[in-house]
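Every chain is named by a letter (A, B and C) in the order it is written, and numbering of its residues begins at 1.
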Amino acid sequence: MKHFISLHDVDNVQELVQEGIRQKANRFADQALGKNKTIGLLFFNQSLRTRLSTQKAAENLGMNVLMMNVGQDSWQLEMEDGVIMNGDKAEHVKEAAAVIGSYCDIIAVRAFAGLKDRDADYKEIVMEKFRQYAGVPIVNLESATRHPCQSLADLITIEEFKKTARPKVVLTWLPHFKPLPQAVANSFAEWVNKTDYEFVITHPEGYDLAPEMVGNAKVIYDQNEALKGADFVYGKNWSSYTHYGQVLSQDPSWMITKEKMDLTNNGLFMHCLPVRRNLKVTDYVLDNQSVVIPQAANREWSAQAVLKTILAGM
Amino acid sequence: MKHFISLHDVDNVQELVQEGIRQKANRFADQALGKNKTIGLLFFNQSLRTRLSTQKAAENLGMNVLMMNVGQDSWQLEMEDGVIMNGDKAEHVKEAAAVIGSYCDIIAVRAFAGLKDRDADYKEIVMEKFRQYAGVPIVNLESATRHPCQSLADLITIEEFKKTARPKVVLTWLPHFKPLPQAVANSFAEWVNKTDYEFVITHPEGYDLAPEMVGNAKVIYDQNEALKGADFVYGKNWSSYTHYGQVLSQDPSWMITKEKMDLTNNGLFMHCLPVRRNLKVTDYVLDNQSVVIPQAANREWSAQAVLKTILAGM
Amino acid sequence: MKHFISLHDVDNVQELVQEGIRQKANRFADQALGKNKTIGLLFFNQSLRTRLSTQKAAENLGMNVLMMNVGQDSWQLEMEDGVIMNGDKAEHVKEAAAVIGSYCDIIAVRAFAGLKDRDADYKEIVMEKFRQYAGVPIVNLESATRHPCQSLADLITIEEFKKTARPKVVLTWLPHFKPLPQAVANSFAEWVNKTDYEFVITHPEGYDLAPEMVGNAKVIYDQNEALKGADFVYGKNWSSYTHYGQVLSQDPSWMITKEKMDLTNNGLFMHCLPVRRNLKVTDYVLDNQSVVIPQAANREWSAQAVLKTILAGM
């Protein structure tokens, strides 16, 4: 594995999940691998879990960490080719990526969707420019359309908590008042499609994810129907893909409650966090029927599996 | 010692002061203790000494450090239970504390008083939520009502500079145009009350500190009277506790000058810094009659004594 | 070498250039030198290359790094002596420098020119206050009038890429719509004046640099004339020194293009970055006739040579 921008960079998903479980069991075993190696963490957007877990994982592996909030610590970056740079963006990604690549053995980047221009977002311009110009492996810390470090942690969590070989996993849309990216939902769908779990996606009409993400999942527009017998309920809000970036519904009946969870097979609630309590899911579910904390804790092992695999391949 | 949120977490104040003096004398002796241990430093507010000295102390002890400006690097945190989270706070402290606790062996938090609601501030909601949910030791880097890392550094400094076994220590209010928290003054009073120093507090009427902080100190409203024979003059501005958060006086005659210091027993001026020159204390006093720089330098050994004691108890 | 604030702190420029080349060839050889040593990096202004390369260089040398955005992470600093501090600056540099100096073995500072008051800028108040009060070596990460870490990297780059013993180096002004400091151009001129290169400076009338920076360079107001036979074309915009801080021209004919480069001796374009493409220099030149990326990469070895030399002299 050279880069870790999307699932398509991964040779073997199951092996990477197992690597995460191994790193968790023996967290300081590979410190020689990262000695005198440096990772740069670049944040175009806010971050809590991703920021902390990736730095922690890198340090577990003996690496040094350079951290930068782009546009705040440094300059705003121009992503378009051929423009006359007479606006507020003082530096082109072509230089920035190459220069940071000269200081770092790996670069990890977080850059959310703009949610204005679907084509631009789905081209993953920031990730692709870094891949093209940095000259070193790129790790996706959540991009316009994907969040693979999260998805890998999600699969590790399901493997740890599943009670049957082939659990039923339901990805459900949750209500929210703001337009949020599709990245987490997209990525979760893409990764679960690589497993043999039973996989159902449920959301109001108008919220269908991109077909290449949905893959072989069964889509059901009736949440109650979808939740029946679920072992895992993966909640997330996203704005519309078809009416790009729009909030088409804030229907509170899609909030996950104890009553909804009663429809499941003693299911466990999952969410990437941050989660707005009593808007997307009730206190009761989070406090009694969820694995959101161990799921977030697994972000460390997900990041560590990714970095270890990249380092080992250098 | 599990946590270090206030004096009440400390088994033996004198022993902790001595630990600070020992760490200063032998600063890299305990590096094995922190190896592969991680501290998270969370700043809800600005910081210079606290930020730098705590990171330095942790690294002296061989620890890794994760640093985060909350609400800027990451999301704003909701502290209230049971609310519908439909405002500007995207994450609840219940998740944030537990998640950060999963990445860190110790969490250190700075969160100032709001100065609007005395009950809320004096309940120390932020510290108590982190204590409740993080699952790891919490260190107070200045909270709504206390700044114990500062107070420990203050006692180390007095022990180093005292010329008599039982010095006279005067905590004096200083003028300022902005409403400042009571945390430093509160904490200093609490800690000095654990020593056998002669302890006097002086301030204009209306500026009495909370009774549980004042303890056995002698309160004198006449600054000149209070300063007589002082070995240490500890200056600080604070807003009113009784008229909560208000600026009742900006009386410039409370500024510490050479003339005021002439009333003392060749006293030394102390202040936690930052200090506004020629508003709270004159250039002359700071440049000739103060120990503010060694006092700030002792923040490193104060933090190191606290972290060492917590690590040793794990 | 105690400090590294300007060229005047350097005993032997050629030896420092060679130290940079040696550090690059053997980047982890001096890790024992920095063990248990701490550098504080203070940023009054934005930074990408300087931030990352200096942290990297310090870590290559085994040092710990404390990083702080002044006025954002911490308080704004008062630089003037004797003032009554009743404004928005809560801390005086006298305390801040001394306190940070107590935590750090070396302090590195970035603080740009204000471009309002030439005398104030050219007095280098921030650097000189830190030199005066910190009690430890100070490294200039770009000050009001100089950027010596950049200049050292520039000379390393010329040494690596030169094809004749005594190349012709042309420093040319480039158009820009904002008033920029003279620091990079000043510093480059000062350093090149310490070599035996043929050195020409070209700019529109009204853009003459300070005479002490120009030194023995030949100044030509006709860019085409100046570029003839150049081995290196060092581009930079700066605002006027004589009409201090003003933009006197945005003449687009000063942009470096392929046609301009055709006047040179197969010259190589250099720039400190960030560079605005197609405003100061065309895509073609940057992508085909420049060494801006290896030049920026050399910032790591420039910083490492400086830190190594300071550490070795302690």
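The rule is simple: a contact is a pair of C-beta atoms (placed from the backbone, for glycine too) under 8 Å apart; a residue touches a chain by one contact, two chains touch by 3 or more.
Chain labels with UniProt names: A, B, C = N-succinylornithine carbamoyltransferase.
Computed from a prediction, not measured in an experiment: that's the story for all the values here.
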Copies chain A and chain B touch via same or different residues, half shared test: different
Cα superposition angle of chain B on its copy chain C, in degrees to the nearest 5: 120
Inter-centroid spacing, chain B versus chain A (mean Cα positions, whole Å): 39
Shared-contact residues (touching 2 or more other chains) in chain B: none
Complex contacts: residues of chain C adjacent to chain A: 28, 43, 46-49, 51-53, 55-56, 59-60, 69, 177, 273-279, 283, 286-287, 292-294, 296-297, 300
Parts of chain A lying in touch with chain C, wherever the complex brings them together: 36, 38, 40, 64, 66, 68, 72-75, 78, 81-86, 90-92, 94-96, 98-100, 102-104
